[in-house]
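Next come two complexes built around chain A: one with chain B, the other with chain C.
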Partner chain A sequence: MSTPKSASATRARLQRRRALLRTLKLWIPRLRFLLFAIGVGWLFVLPSNEYNKHTYISENALLPGQVNTYYSWPQVHEASVYRDNIESISTSSIERTAYIENELRKVGIKTETQNFTVNALGKDIIILITDGGEAGVQAWLEAYHDNPRSDIMSSPLFLRSGAIQAAVNLDLPGTKDYQVLGIFYEGVNGQLPNLDLINTIVRIVRISGRIPIMLHDTGHVYWANDHGDYYSSLYNLMLTMKYQALGHSTGSHGLFFRYKIDAVTLYGHRMEASHQPFMFLEIGTAVESTFRSLNNLLEHFHQSFFFYLLPSPEKYISIGSYLPPSILLAHSQSSKEPKIEQKFPTPSPFNRRPRRILFSLTVLITTHATGIMIFFMIKNYFLLNKLASLLFIQDYFLVLALIIFILIKVSFVLVSIMESRAPTKNQIAHRIEKTNDTNSQDRPQQLEPAADWIILKCFTLAFTGMIISCLSVLNFSLAVFTALIVIIPFSLFQPHESKAIRYFQLFVLCLISPPGLLLLSGVDVGNFLKSTLMEYQLLGNYIVPFVCCLYWPNVLAYTVIVQAPIK
Partner chain B sequence: MSTAIETSIRRRDLVFGIAFITRLLLFQFSEVTDILASRVEVVTPITSFTRLTEGLYLFQNGVPPYDGGVFHQAPLLLAFFQPLSYLPDQFTSLIYILIDLLLAYLLSQISRIKQQLYKDLPRVDDIELIDDNKNEEEESSWVVAGLYLFNPFTIATCLSKSTITFTNLSIALGTFYSLKGNKIHGCFWIAMATYLSFYPLMLIIPITMLLVNSGKIMSRTPPQQESFSSSSSKSITISKKIEIAQCIILYIGWLAVLLLLSFILVESWDFLEATYGVILLLPDLTPNIGGIMAVFKSYPSIGDASFYLGFLPIYSEIVKYMRYNFFTTNIFLYSSLLAPIFYHLWIYAGSGNANFFYAITLVYSVGNIILLVDATFAMLRREFDVWNPKLRYCEVTQR
Partner chain C sequence: MQQYSVRELHLTFTQGRWEYDKWGYPLSSSAGTGVELWAWLWKNENLDDNWKSLTNALSGLFCASLNFIDETKTVQPQLSFRPEGPYNDTELYDSAELRTGSLPHENVCTENLTPWIKLLPCKSTAGIASLVNGHELYNSNFHSMSINVRPVCQDSECTHQQLEILQTLSTVINPVRNKGVRDWSLSELYNRKILRVCPLANESNLLLIIPEEGDFEIIPEADQVIKGETINQNIAIYDLKKDPHNLQLSMKWNETQFTYDNQVILPQVFAHRYFSGYGEERGGIKVNIFNKSPDLTIPIIYYDVIPWYLKLYLHTLKVRINGVEVNSKSKDYPIKDLYYQPAMDRSRPAVIEALIHLPSNSITTLSILFDKVFLKYTEHPPDANRGFDVGSAVITVVSNKKDNDDGEKTEEYGFKIESPIRIYTETLLVSLPTPDFSMPYNVITLTCTVLALFFGSMFNLLTRQFVGLLTLNDEKINEEKQDGNKDVDRRNEEAEK
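Coming up: the complex of A and B.
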């Protein structure tokens, strides 16, 4: 055991280990940007055909397209008659409701009218005909589950038939022929229906109707076994990710997810007459076949994926393939520990430099409290607008002024506290003297505490990384966009000697703060705020609370960091 | 000098004041407390206040409280909460807040006693500046209290009114009295902790060691000083044996008294099966944050972690040696964020399943284990440094 050979071997091993550690220490800071680049590159690999897998039906009970359908020309004729009758009636919704209810009753279906929704319960199929778009569906869902969440006042429902398995929202505008069937599947907050539902519908449409399919309204039309080119896939992905990131539901189906009901919207697109038109026959057979497939389900959808991206209707990217880039993006920077150890020949067994974390934590808590305050102000946006109009000020001007005032005040107070905590020039000179003294003793001493901004930056980066990676399981697209926006500035920015660089950093931070992003994207701020707030209140879209309570506070913390004293 | 002590005392008052006000304010938001009281990470079947209320209701209406199979807590808690049920809810909240403050106070006292005991022990003189300065002592004791009081886990446990607070209080009291050398109180509180949640049973060993060695913790002196004590070792061992026997008899006696009192209260031995039986056999399958084997405890909650994390800053000299602080903090943060998210995906959104939540409980357990291993390593490495000052800056390798 103590032969000279083994001793020398141990020494060699130690030296190798030290060399390795030194190399790692040297390379990790550079590696961080490489990781970021890999993450971004990976995102662009996602749409390529080689990377994706073919969709398949995971739940065998569905047996899509293998059941007989009975929907045929006689039914088509009846449908046309109904359509013509509805068209001939006046446009008033009450009269139409009465007609529809009457006709459904004649067929023998129990019907019930909700304040603005008519609803019919069959054996296991619920036909829901709504007016007023998403609000109508939400009102019905709340009444059906007896679970009032939003401010919609609706009359109670009396007909129920247990837990709903799946919903297909038919959105067929107008009364003419359609050329392409569009599938919309993103729900509120980026939730998606089980992939089996989409697969089933796609397969049935292919088999029974021979209808071309489009994802959303992108204009990229897919026939059977057609996967399109890279750009169309990229476009589809980008659109899905945009909807998901904004938490925006692409149709009434999005409201069903909250009640654990998988749903999609089928939309009849009218395009140039290049395609074979389809009408009641094709739609009817497809819907009947879908319902017959779903009828075979014995339990709730659980087999296939809930987390996926669709580059084309018959290709999917599962969570295992798309999550790595987002985690790479989030963690390329967050693992950066403050580089505050001085160089000594051997690593010290203990931490020699005190890290005063309490102050940095207080800064983060303050910025987050500010964010929550801003959120409550935006939440009461309409109320404040009324106040503004009483004071004869422009719309949303009051909210904006208040927010800007709070932000500036908070950051100034924090920066001035940091300045008062930083050591003066005399202290620094004294310290240098002291270290010169101690160096002669050749022994590492307890070092001066690390500067506040280093600790704060470390915390903010770690916290941002944590938010992004936790978010990527809830809403992958929002996580990716957040990472792409903040990671590079957050990892590079720090207080700088030069005033110009400091102001440049502040300017960039203003651009990536929520108002800056809104200005850059060029949307109408007032309208955007109104619609997102409506979605927050009616449908529980969490983009506004996320931005105010988690995103903005970290940007604010960075505005404090870049203005902080260096020492 | 005296002004320095005064400022640190004022700071301590400030810490306790802010902690009190924060809790009182948060208790006013019933949405927050309701959510916390139903989170599986915060309350477990054996600490849930909702279940306690249920048991109390049965008890007050003359139904045996353990009949429903819902209530799994010690009978004496019923006796404690019965008078409170006639008072407004605010009183219950106030009691929980006060218990938390008392716990923090006890921790700071324990920290001071520990500093007194360790004063004459050798230390790593480079980083642990020998400072008999009273001010330092005061300051570090209020830091210990503050770290306990402002730990989010502690606040969440307090707001959820989890009855684990009572177990934690008993353990803290037991440790405090044992450090003071008070056998009767020390054993009583450990018996109480055992009575309340069974697992503190194993604490009787360290508590006995504390009681027997209290005031003379000299066994950890460096090797060169150890030789002279061997002459009188025999008499010491005999008196020690008597002391150990005293402690164990006291402990068993107190435990028997508590169990008998419970029997008199609920007039049957059913509670044994409903409380300790449930802890050992796990018939209640409510999700919880422990893979059983991972943390060696059935039905763990963040209340357990908050309590032992409160003890960590008392050993600030060991924390300096710990290597994975940043990593462990991150694990705790991630798991406390991801656990509710995955629970939501599993139970409400329906897009995840039980494995999601299970995986994150494993991560949480791994975090606990890494903290434990890291602390043990830090302690060993520090002791090595104390005994071998010349090797202090050498690398340690394993063969």
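Coming up: the complex of A and C.
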């Protein structure tokens, strides 16, 4: 307890504390660049072999590859006969369906959903053969769970089993041999299957020996105990992050995740004949072994990770390792706030510059409302396209024109309101005079209110930081990409004296706005919009609502900021 | 039975699912997956205690978890599970009460089979029972064993009654699965042989249901072949007492590869039940009841017990016939009588019992919605991520003609049981919101850290003695402040310029 005799010591301590705070205040703005640099650097450390761990089977019940398989040459022969028969049938989907249904019934499998009981103690296996790719799977899933939510009309389903534990989607195009087995695992909105499922399949394929594995279709082929070099790992990560950020499912397996079913797609790749080809025997054995492992499961997949990144098939980065960089990135933004405050004097806690929060909030609300409006326009894209065709305009042109019109209008209105609110030259001069006059110490100083853009910038930055932090838990890749795009412009840009710099800032903001990004990436805008919208409507991909309702409004708020008057 | 004043008792252990749309109706009574127990108990002041004691006694006797049938699982059905012995309506309801309970998650294994075998007069050493081999039994597609104890009349006036114990064992074995053809023999199916007939048995018969025509051969020839119940069916009867050759029975088909018939003959009434919706918050139960009869309206009783952790909403109960919703005020509304018992948290399940008239050649769909309860974390079982089992719904086909009370039914060679046809739907697996069980630890550590920080700083503030620091240096500090202000002002002015 401090006694009078230690007063000087206490004072020294207080002074030390003040000095420390001052240095901190001075350093925080620089610190954020440091944070940003560390965050980005950390991201590039992720793929290195030293940083990530070897995968392991977490669920003991799985026992991959420890069960005898019975799939052998007679079954291979049967499979080839079926394949030849299916090939010989005309391309008519109805005839093919009839043939498959008939053959399945002949071996005693209930058809419609093709339900097949293995034995009394085990689990049911459902064989699903679809036409029309992901829409077919989605239709079946919706019918199975009796929960129609998309616009797919499907006939009712009467054959069902219980709760589905896991799904393996076999995508083996053509009828020839394959050289590499590709594993696709990203689902809608960046959801991933439990790591145990992938590990089981990889382990089984390894035991069977002759099949090399590839993640996606990257071309980087892995054999047992092979983890590839840094660049292949980086490439794998980048691809995964791209799919995750777009919320794009890399195969039909991606649709199962919503129903709490872990799933992967196995894809047969045909490459240059550098590897020994594999066929029905190897695939059949691996699939049988996988299903026997799954049959051992007593509980739903829950032991292993749901959040991970795979640099190579047998290496993983857990959420604990990859989350820090994205949090660092997010915080390098929100730590901008104190700097703005620091720039202006705060002589005592009772004497602050008035901050007009309400107006800035209104601006943010307006930009978000605009975003939602744009979202509804894009949602009705197909409807508007019809209108466009009536007016003889190119497909997406009408939508684009409408959106740009709205954006310009909104930002123009907001900027002009800000201009009208800003103090005129005379008022400023008057105020300075007043401040100089009043030399009295006894009453608190009446300071001019902070400029609107400062408050708006504070809010926008804090809001963006919050979005990125929240998103990094839901969809890490999307959070990282958003952060990388947004951080530098957002932290540097502010209204500037020079017209040229203002226009440059505006130009960069246009580039990082969604249409600008689309143009930069060089994709076919019409097709991209169409497929993304299809994914939104059929599969519930949330990239469109995210971009329209959360990302775009913040960029829009920034276009207002850079055009705002300085005072 | 006497000790717990039990009038009638039915206990069934089942593993697997009877596939009605593939196998037709079971020949002997079977039940939904797991264990099912129902009993009529004589009314007295300690009826509930008796029921509890009965479940505990049976639990010990059959090495099963029957003692887990507590009040949260016990139900008193109002329409289903009528007695199978002779009874008189008014007398019955005055003097006895029904209790049922089921454990859908219970695994049936040899420890349940052994006590069952011990009840037989010759155990498994002689007679048909010697075929009972745990290894083969538990490798089958379906098996069900039951014990039914009921009173039977001794004379035509039914003044004297006697207890009858009926033990049944059903298994479904598919030789095609292993061999690709339908050939079978008793010793091959069960990996055992019948060496002798139980000397205590009055009768020991083997019955084979065989198609009327077909390219097959049965060795040896049957003693007697009679017409079966349905067309194209014969029943071959082998009296094991008469001819020891009958002990080695086998059947051969003249075929190299069996292919299943494309046309499946469906039974008249069957049902499928399933969950609708997804997610951990809410869901629904739907049941499709099929009536394949081309011209008959079939009355059935639908009985479903839903555990309390699924909160049903009765107002969401909807009926559809062939996909078209039927209004409850319409005269075609198939539910003629509905008994509903709302659930009580942690004390009793919800029960739906409905008398439904199934229109001919139709699919009647009942649907009801529910909310999933967030359980306390101690209420989860050790295998929490497996989910919770919901027992089978039971559909009882009500026979049109009133049963006579004499109990004297024409018994055809012992296996015909005059119980009404009961159809069991699938058991369901529901996943409730499951906490990550390593989470409580994380939460505890985190909360403790925060609390410690809070407590530390509060304690510091409360116990600290605040001393004014305005000493000689006050002036100095103020001057510093002023200088600072001026500096900033100067900077601002520069910025203006």
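One rule holds for everything that comes next: the second predicted complex is superposed on the first by the 530 of 567 C-alpha atoms of A that agree within 3 Å, B and C clash if a C-alpha of one lies under 4 Å from a C-alpha of the other, contacts with A are read in each partner's own complex, and residues count from 1 in each chain.
As a convention for this text, a contact is a pair of C-beta atoms (placed from the backbone, for glycine too) under 8 Å apart; a residue touches a chain by one contact, two chains touch by 3 or more.
Quick caveat, the model's predicted, so the values are computed rather than measured.
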**Study point:** First, second, both or neither for A:145, with chain B first and chain C second
**Key:** second
Exercise for review: Based on the superposed arrangement, let me know which partner A:331 touches: chain B (first), chain C (second), both, or neither?
Suggested key: neither
Practice item. In the overlay, answer first, second, both or neither for which of chain B and chain C A:257 touches. Key: first
Check your understanding: Is A:302 contacted by the first partner chain B, the second partner chain C, both or neither?
Key -> both
Study note, to complete from the structure: Counting residues of chain A touched by each of chain B and chain C, the higher count belongs to C
Review point. Touching A:191 in the superposition: chain B (first), chain C (second), both, neither?
Key: first
Practice item. Name the contact category of A:162: first (chain B only), second (chain C only), both, or neither. Key: second
Review point. Between chain B (first) and chain C (second), which, if any, makes contact with A:14: first, second, both or neither?
Key: both
Review point. Does the superposition put A:105 against chain B (first), chain C (second), both, or neither?
Key: second
Review point. Residue overlap on chain A between the chain B contact set and the chain C contact set?
Key: 1, 10, 14, 260, 300, 302, 344, 347
Check your understanding: What part of chain C is in contact with chain A in the complex they form?
Key -> 15-17, 19, 21-22, 138-143, 176, 259-260, 262, 272, 274-278, 284, 286, 288, 323, 363, 383-387, 426-431, 434, 463-465, 467, 469, 471, 473, 481, 484-485, 488-489, 493, 496
Check your understanding: Mind pulling up the chain B residues that touch chain A in the complex?
Key -> 124, 126-127, 129, 320-321, 326, 330, 333-334, 337-338, 341-342, 345, 348-353, 381-382, 385, 392-397, 399
**Study point:** In the complex with chain B, residue positions of chain A that touch it
**Key:** 1, 10, 13-14, 191-192, 257, 260, 300, 302, 306-307, 337, 344, 346-352, 443-446, 462, 466, 469-470, 473-474
Review point. What residues of chain A sit close enough to touch chain C in their complex?
Key: 1-4, 7, 10-11, 14, 102, 105-108, 110, 117, 119-121, 145-147, 156, 158-160, 162-163, 258-260, 298-302, 344-345, 347, 428, 432, 435
